[in-house]
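Please find the structures below.
Below are two complexes that have chain A in common, paired first with chain B and then with chain C.
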Partner chain A sequence: MTSSLRLRAGLLSIALLAAFLGIWHLATRSTATVAAMNPEYAKLMGLTATQGKSAMPGPLDVGAKLWEHLRRPFYDNGPNDKGLGIQLGYSIARVGTGYLLAVLVAIPLGFLIGMSPLLSKALDPFIQVLKPISPLAWMPLALYTIKDSSISAIFVIFICSVWPMLLNTAFGVASVRKEWINVARTLEVGTIRRAFTVILPAAAPTILTGMRISIGIAWLVIVAAEMLVGGTGIGYFVWNEWNNLSITNVIIAILLIGLVGMLLDQILARFTRMVTFPE
Partner chain B sequence: MSTFDDPFDADRSLRAACVCGQHRSAAEHEQSALALRCEPAESEDKRYEGVVASAVMRAMFPQDAARRAFLKSVGASTALVALSQFFPLKTATEVFAGASAPEKKDLKVGFIPITCATPIIMAAPLGFYAKHGLNVEVVKTAGWAVIRDKTINKEYDAAHMLAPMPIAISLGLGANAIPFTVPAIENINGQGIVLAVKHKDKREPKDWKGLKFAIPFDYSMHNYLLRYYLAENGLDPDTDVQLRSVPPPEMVANLRADNIDGFLAPDNICQRAIYDGVGFMHLLSKEIWDGHPCCSFAASREFITTAPNSFAALTRAIVDATAYASKAENRKQIAEAIAPANYINAPVTVLEQVLTGTYADGLGGVKTDEKRVDFDPFPWQSFAVWMLTQMKRWGQIKGDVDYKAVAEQVYLATDTRKLMTEMGLTPPSSAYKSFAVMGKTFDPEKPDDYVASFKIRKQS
Partner chain C sequence: MVTDKFISIEGIAKRYPGAGGGTTAVFENLWLSMARGEFACVIGHSGCGKTTVLNILAGLDTPSAGAVVVDGQAIEGTSLDRAVIFQSHALLPWRTVLGNVAYAVSSKWRKWERARVRAHAQTFIDLVGLTGSEHKHPSELSGGMKQRVGIARALSITPKIMLMDEPFSALDALTRGTLQDEVRRICLETGQTAFMITHDVDEAIYLADKIFLMTNGPGAVLAEVVENPLPKDRGRSDLHRHPLYYALRNHIIDFLVSRSRSFATEKPDHDPRKVPLVHVGKPGLTIASSGDEQRQTRIPPTNPGLTG
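So, the complex of A and B:
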């Protein structure tokens, strides 16, 4: 039963993709209504103007270009032109650094907040105000105070991905069932041991959910941050190709950003499953 | 007798007139001789050796007549050998050249991917930085504000900036006041007013009321030139039209999406809009002011004091590249060198049209104007004074300005002149010149009268 459902879902996915590609292809075909022009003039003009080619590339253009990128993902033509593999590597390294810093700060702090109702109440207004701030709003401030664009990018990832983890950790810790804590108390388990053997495993699924939300946000932020600071990374690649009005490359980058984002999410999802327990 | 004259020339005339007889004065002869000496064939070492030997010879025989007698009696080559017997010419030359070795060889220079940055960019692939002993990484940057912040934060040692930006930074407009300098202008001309194709019958600026125009940055020649052009045609740029700051690459997309009606933008963006069939060239910026500066090569005053030799070498490389770019026959090669994704990232055809000046105008015609963009490094202080008058005119500067003091602090005409003379080029002897913008003469001596002479300006 489940296997047939999976099969049918797979078929439907493929059909949807095919329909999407088909419509895309039809919508971007050349509309060959071009006024005659002097050949000397035509030589100086782009294909959009001379052949009525749509400014939007079709799926075939994107596919060809994608193949070109995939064949040599690690080329290095100087500081402003590197292969997609290298760009993605830079982005993942940045996200990794900012995210790890956020984990190091958010989980211990979240634990404290979750265990102390006083801290929780006192810090709540700050967290609520800082949480919804967009990464691009942090950027000028970071550039101005840190005075280094690569550290600024990492800082922005840190500051944007810290909140969901912090809130989820605090919430997970605070909502550990009272009976379990009471049992631990009755058995005279020390505070530290109680935190690690009772509270941590009980709160782990919630904490991991927070981490999963955070990695998604961190990956969202990196593109915006790199578009601004430039130099390296997939965000810079998008900006550089946008500069050349190469929509084909921008679409490829969008596709890759989506795939990598999915991959990161799946890794965290696997971790979450590992710590989930039946009640 | 100057430092660069040959002290071993026995036939050199003692009178003030020119030695070879082909020039009217000794000074003129000197200039053309220097020009010859600047040819790449001559190595830097040779040049320095000549300078040192000349200094030694002059110290030994302070009298020109005595030196001549000595050279006549022994011959120039013997004299040189004799001289090097008891004076370590080689060592002295090394010391002399060593004194100007750059303190810092690995430099980072930021640029915005537009053809205005041609000298800065091409100096990397065509080896002008390497020739002056530098290892420069040219880094593409997202926008003017970012390039400003990164240069202020010392991530870049020097950068490509719009000509008014170093003035604005030095004055603290839109940023903290930090002394910045312009050792060289990147390009002159090379901008244009592009309108959306649907406005092709609206060629009279008087009919432009209510249109939306994009400019790259508030402190840009583009802003001042567009405002000037509109005001001369009777439109108040602050009330009759909308001016928006838009990053250059987004201008073409915005024009296609109908968000703006036109722009005064740097090239390759103008030509790109034509290439993609969304706009046409209404006017080259050259028709507003022929020879106007656009972008500059900028560095902080701090960089000059901490690494004066690196700065000098960098300026020499830029001046060298600019001289190379100013020759029409090199333009095709340059277009190919700067088109790849590592540099400007644009179709070669577009860059070629901009640099060679034979271009499609977007209305079906092919036009030719060899001076569509040109390159001239000399940082005229009168340019800075003009920009200051426009900043004042449009309310970017409030209160009194000491025009000349600011211009002289930011635009390093004196230093660049010295450097250019050393390189054997012929820089102008004055830092101020008068010029005409849309037929109206600008006198750098009377900036306040100039500002007051405009009917349309921001009332402060």
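So, the complex of A and C:
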């Protein structure tokens, strides 16, 4: 039953993809038939039709270009001409660094907030104000103080990924079932051991959910951040190719951004499943 | 009561902030004591404060007034000497059966190496009849099996006192019976002092040496201590054949049905420090802590013909 459902869903996905590519192809193909068209009809259709070839690349153009990129992902011909692999590598490295720093700050701090009602209340107004600030709004301040565009981008990633992790960790820790804590208390388990043997495993699914939300946001933000700071990275690549009017490359970059984002999400989803326990 | 007081609850109270800014007391000035090796059951209606008393005894909760003395020392917080079997079993779901018991064992004996901890835990898993399930997670166990793990965990640290909060209330009659037998056997064999909350009168009669009857809250009091007249070697199946069984049972049920509600108005001079000790059906042996006529209690057996 489920396997047949999966099979049918898969077939439908493929059909939808084929339909999308087909429509795309039809919409953008060079209209060689224009010449044979009724001139009056051509007039009616306006410039696009009479021009013949659309400015928008078709799926075949994109496919050919993608193949070219995939064959040489890591070439480096100076600042404005690097392989897509290198550009993605830069972006992933920035996201990874900012994200790891955020993990190092958010999880211990979230633990403290979750365990101490005093800290939770005292820090709440700050968190409430800082959380809704768009991470990009920090950029000028970061550039001014740090004076390094690459580190500024990492800082922006740090800022945007810290909140979901912090709030989820604090929530997960604060809502550990009282009876589990009581088990540890009746066994005279010390605070540190209790934190690692009871609170951490109990809160891990919530913490990992926060981490999964964070990695998604970080990947959204890196593209915009790199468009702003320039130099390297997939966001810069998109902007640069737009300036070169290479829509084909922009489409390829969009596709790759989506794929990498999905991959990052899947990795975190797997970790989440690993720490989730059935009750 | 001039027995040796292994556990002595001395004038404890528990108050919570009330609705109108004042405080409501779950109970005030509660006195209760137990001898070493004694098995006591507490019976009372829902909300009268039984769990609160047990949590205070365990050290999980602190009283608003009064103190608890165990083995001559006022308790401060929890202790490995007082094991708790929780009503909701409270197993750690990310650990296996063995992991849950081993967690308790390694908490008590921190220096033991892994193999020794596991071996010790395994003996107690075997004891409660869970051999073969040690690598299952709690979610893969039935309610009765989970409760057994809770019992194994509590026993594995060889406590001096077992505190049990309605440990069998969620179980079917058959499983409950088996576990009652096991707990009774283990407590008798190890000379355990046990304090158990229950809503099941038969369970109390089967297990307890002493039954504490609590009136309804708020402002609950310990109304009576009923001594169990049944012989120590009683069996669960022939319990109801004992001549004093029905007298005892009726006495407790009477209390639950009517006197638990009307107690405060009927006995306004109830002295919480001298709670009447009731002996069911022993002619002439009417006990009250003082000579006070009001507190003298004697309940005749229902079928006197059988009394030896």
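Some notes on this structure:
Going forward, the second predicted complex is superposed on the first by the 256 of 279 C-alpha atoms of A that agree within 3 Å, B and C clash if a C-alpha of one lies under 4 Å from a C-alpha of the other, contacts with A are read in each partner's own complex, and residues count from 1 in each chain.
Heads up, the rule we're going with is that a contact is a pair of C-beta atoms (placed from the backbone, for glycine too) under 8 Å apart; a residue touches a chain by one contact, two chains touch by 3 or more.
Treat the numbers as computed from the prediction; the structure is a model and nothing was measured.
By the touch criterion defined above, A:122 reaches neither chain B nor chain C.
Of the two partner chains placed around the shared chain by superposition, neither chain B nor chain C is touched by A:56. Once the two complexes are overlaid on the shared chain, A:133 sits clear of chain B and of chain C alike.
A simple residue count on chain A separates chain B from chain C, and the partner touching more is B. In the superposed model, A:254 makes contact with neither chain B nor chain C. By the document's definition of touching, of the two partners only chain C reaches A:198; chain B does not. By the touch criterion defined above, A:187 reaches chain C but does not reach chain B.
In the superposed pair of complexes, A:77 makes contact with chain B only, with no contact to chain C.
Across the complex, chain A is touched by residues 113, 124, 137-142, 146, 149-150, 153-155, 249-250, 252-253, 256, 272, 274-277, 340-343, 345-347, 349, 353, 358-360, 364-366 of chain B.
Chain C contributes residues 58-60, 77-80, 82-84, 86, 88, 90, 92-94, 103-104, 107-108, 137-139, 157 to its touches with chain A in the complex.
Per the touch definition, chain A reaches chain B in the complex via residues 37-38, 40-41, 43-46, 48-49, 55, 77-81, 143-144, 147-149, 227-231, 239-245. Contact residues on chain A toward chain C in their complex (touch as defined above): 177, 179-180, 182-189, 197-198, 201-202, 275, 277-279.
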